[in-house]
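Since the structure comes first, as structure tokens, the remarks are kept for the end.
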Amino acid sequence: MAAMMDLINELWFLPRNLVSDGYDQALARLAREVPMTIHEYPTGEPCWTWKVPEKWTCDEGFLDSMDGRRIVDVKDHPLHVVSYSLPFEGVVSREELLPHLHTHKTLPDAIPFVFKYYERDWGLSLPQTVKSSLTDEQYRVVIRTRFEPGTLKVGEVLIPGRSSQCFMLAAHLCHPALANDDMSGVAVGIQVAKALLAQKDLHFTYRLLILPETIGSVAYLSHHEDLIPNMVGGLFLEIMGNDQPFALQHSFQPESQPDRCFGSAIADISPTAQQAAYRRVIDNDERQFNAPGVRVPMLSLSRVIPEKSHPNWPYVGYHSSHDTPDLLNEERLREALDAVLGLLRAWENNQYVVNLFKGEIFCSGHNIWIDHQTNPAGHRRLFEIMERLDGSRTVADIAVELDISFQAAWEVVSLLVERGLADLSRKPHPTSPVRD
Amino acid sequence: MAAMMDLINELWFLPRNLVSDGYDQALARLAREVPMTIHEYPTGEPCWTWKVPEKWTCDEGFLDSMDGRRIVDVKDHPLHVVSYSLPFEGVVSREELLPHLHTHKTLPDAIPFVFKYYERDWGLSLPQTVKSSLTDEQYRVVIRTRFEPGTLKVGEVLIPGRSSQCFMLAAHLCHPALANDDMSGVAVGIQVAKALLAQKDLHFTYRLLILPETIGSVAYLSHHEDLIPNMVGGLFLEIMGNDQPFALQHSFQPESQPDRCFGSAIADISPTAQQAAYRRVIDNDERQFNAPGVRVPMLSLSRVIPEKSHPNWPYVGYHSSHDTPDLLNEERLREALDAVLGLLRAWENNQYVVNLFKGEIFCSGHNIWIDHQTNPAGHRRLFEIMERLDGSRTVADIAVELDISFQAAWEVVSLLVERGLADLSRKPHPTSPVRD
Amino acid sequence: MAAMMDLINELWFLPRNLVSDGYDQALARLAREVPMTIHEYPTGEPCWTWKVPEKWTCDEGFLDSMDGRRIVDVKDHPLHVVSYSLPFEGVVSREELLPHLHTHKTLPDAIPFVFKYYERDWGLSLPQTVKSSLTDEQYRVVIRTRFEPGTLKVGEVLIPGRSSQCFMLAAHLCHPALANDDMSGVAVGIQVAKALLAQKDLHFTYRLLILPETIGSVAYLSHHEDLIPNMVGGLFLEIMGNDQPFALQHSFQPESQPDRCFGSAIADISPTAQQAAYRRVIDNDERQFNAPGVRVPMLSLSRVIPEKSHPNWPYVGYHSSHDTPDLLNEERLREALDAVLGLLRAWENNQYVVNLFKGEIFCSGHNIWIDHQTNPAGHRRLFEIMERLDGSRTVADIAVELDISFQAAWEVVSLLVERGLADLSRKPHPTSPVRD
């Protein structure tokens, strides 16, 4: 398996703007890793309340002093020209220039990632240190950008399962020259897809979407409305390579099965992982899936500090030229891969548990006895799980009810299934006697 | 518009007992202000578990010393004779007299309002200071009262709306010679009715009832059982002119739409307003509407101290001769009028919000963008409201869920409606995809 | 009525093992007290996931020193041989012997009750003080036990009521030579049955089961599956004679009517009684009734310290030769009898309360007035109960909602029923107007 870092190193520095050659080039490269359908949506195509934007190309972009000194040049870094900047050429006074120069709030030597997709203007991004040195009266600006008809592209990797019920994975590819946000999620997503494709016997169908942020999700969803009722859950993957514990962000429907399943399974996967409510970690494409008329319970997994008011939120270097492959390493990406696969394993296992017994099981007779004297906690857990098996609770429901991890519940459940004492069912199958 | 104080000054001192000429005279005067139907229920008429009491008239009532000094006389103040006192005439010893003399618990110079509607006795009310001076051995009592067949009268102002669903307003007119309790509620109610009658395009039908306390509500409801299923909410108006912040008392069904709507709207109307649960502010006719078999979620609005254990509860002067127009002023009554009209405006607006969009709205494209950098709270609120528009929540539901005011939710909702992005509906209209 | 202590004194010392002559002898004696059906389940009979064990007989059992000194002998106390011990005969070294000797954890002079129903071995029980004195190299062991086909017996006392809906009472008879656990529950249960049989006009049918622990319940339930849907609640009786306040253990369904009813009624019966959640006091046969596929809300009443971590839990002497009739007395058993009968009286009374009135009742007219001035708490309670009578709440629902005792709610309800103002109904009968 190709190292995830290799893929990131290869693609991260491309000018992967929303609709752009750089984006297309990166997506074409990913399509060589896994079987991928590339959906194309032409500029101007209506997508619910949105429209696909123009393709944007930056041919040249620099700032010169009047004596011909080159101050910044997009050739050095794709972030120097604001994404979707209008073209502009001319000599401007310092006063005219300054409002068009963008710097990073907290990192004086970083070039910020600035985008003007919809409220357009021309602009350059540069380090605060450079901006501070601009004391001349006049400067020369050259921004040669083109807005043309193009096609927004969404890559879809289909991993068919037995059921048409579908679980959605997504990561966005659109930020130029950023590595952790979200080439890391893209690289992990591609490896997740490979691993799922190698598995036999998946119950759910999985779809991994690689897309430009927000508009990519809206374009895909609005053109696949028939699929939406089949989408039973989702997980957005992002910011996965930096040095920070995992943060699981819940969906808009915190009582959904994906929320209960991942919320109880994450502790099995990473004891340091933190959890937070919808929109309390970081906002991304999961918003389009959770939104009205779609209402897919999509969570997100990231290595973001789960506290928006934290001074380093979401991580140091975010949306800047500091977000390079140096922030990442293969081990942390592999942990993320394992985490996603672990969550999906729990998801596949998360079924209603139907008792094939009545009363309490004769445990010693079925060789599942845990002695009360020698292992009181194990004994108690065995009984607390057993007494909840009534066809109306999933494994995740039981784990949440007992405040134990998914795996702890699953071990007992799968033992009972193995012993022929319980069945798993994708639908509720209540076995309690009905009384008036 | 006639000042509310003028109406109060004109009517407050009348001996407005439950069924009495004084009450009838006051109601007739109110009927000249607004179109009013006067329902009459004759003495003895069964009203569910109640019966309409006799008309009561007090022709004379005084206490004399044996040397002919007049100690108290009902001619000076209607409260001097207990409401529905039995007639009595005779010379009594001091010991016999004292149990028939009623004073105010906390105001030594006030005549208390005492009523003996159902456990009858003869009695006089007088200041504690006067009672204390009664050191003679014998006194002469004259109470000439009459109990006769009469008719209990309920005034009803109908304000028709498009819907037969009806919102009930009520205030009671029956306490003799008291101003704040509840001539103030009556005066505000009459002005509310005038204002509603002047409005076009009301959705709900409104009914204002002016009635004698408790028995008036029971009489009306028991004779309009067919209307009860149409009564979708209500507001009792009382004690509105004194110098105290508003207290909104919730109904027996605190999750009802009127409770959620008024509970979130009151902060828009009066930032100092307080809220309390059913029967925690003060008890009145709303009890008959909230009661079994009726179950109309009727709240109440007053200027009562919302804490029954407070030493001044419900306000200083309550149920005494101190409750005069001097406690009130026009400005506070007008604030109350505005508050009621504000609550009813929210009530008219409180509908299910049905998204005409899917996914998140393209905000900048629809000119509803709130910039995250410059107005993070506004941005967040816009999105938090938008993501809850799914045809299953009313404006009040959203406000309660987000712990924001009704108006804050309404502003975003009405903007989206204006932009053609959402519809309002009187019924739930869920738009979320249905999944098994 | 025979004293409960007499029955206990007569039967407690019998070697009442699961399936044994001693158990049969005790059950036959009880069958002379009340009409009893004795169900027999032969050895090997499948009972859901269980099988009925063999009949076990201990003919002889002693430990001798090599010089012929008798150290312990089952003739002195039935607990000296482990219940269901394998037979064994021979001279063993001290090292071989010690693992087969069982002592009590906290009581050095007590013989512990040890059973090896399913993981079989031979074993003797003796005081720690005796065990400590065993310093010889060798000892002679004689355990002559027999495993034979037999029949497990469950005694059932049927107390027919008008309804086929059935309330289950149970106590276990199977512990050899123990008095409090659970001859006390058996003795109280028999007296409860007598008292119920003497009552006319029971609504529910009652069944008292006297059985060997766990396997007895499973045997009965698995052979009476048709009855299970009729079982609407239950109460397990145990450990009722020692000097400790009552502990009411709730069922697996803490919102069930039996839980609400007994939870609110126990305070009327014993102000010192404590309550705890399912499986937080002590585990017993109620587990089989609460289990999957059965799901009868069965509570338990005992005099156990309701805190499993307490050093004396469940009581001093538990499962040892110290559990003799000396721990018990008739007065405490009678309190237990009264408590059970009190709970069942509440259970019989616990019905939906259907208002025959609308609005508030004219209290003084119906002679149920409680004056607000002289008895504000009583007045408030009257109104708080009255306003909840809408055919959708039982007496227990109202008591739980108001956090008052069952009796406090019942007194008001029964007064209203007496006055013809309310009806009782075994089914919900909602009277609130239906609005869209």
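Each chain carries a letter (A, B and C) given by its place in the written order, and its residues are counted from 1.
Just so we're on the same page, a contact is a pair of C-beta atoms (placed from the backbone, for glycine too) under 8 Å apart; a residue touches a chain by one contact, two chains touch by 3 or more.
It should be emphasised that the depicted structure is a prediction, and the values quoted were computed from it without experimental measurement.
Fitting chain B to chain C on C-alpha positions gives a rotation angle of 120 degrees, to the nearest 5. In the contact between chain A and chain C, the residue numbers used by both copies make up under half of all numbers at that interface. Chain centres here are Cα averages; for chain A and chain C they lie 55 Å apart. Along chain A, no residue makes contact with two or more other chains. If you check the complex, the residues on chain A that touch chain B are 48-51, 118-119, 214, 217-218, 221-222, 225, 228-232, 252, 279, 287-288, 290-295, 427. Put simply, chain C touches chain B in their complex at residues 355, 357-362, 364-366, 369, 383, 386-390, 421, 431-436.
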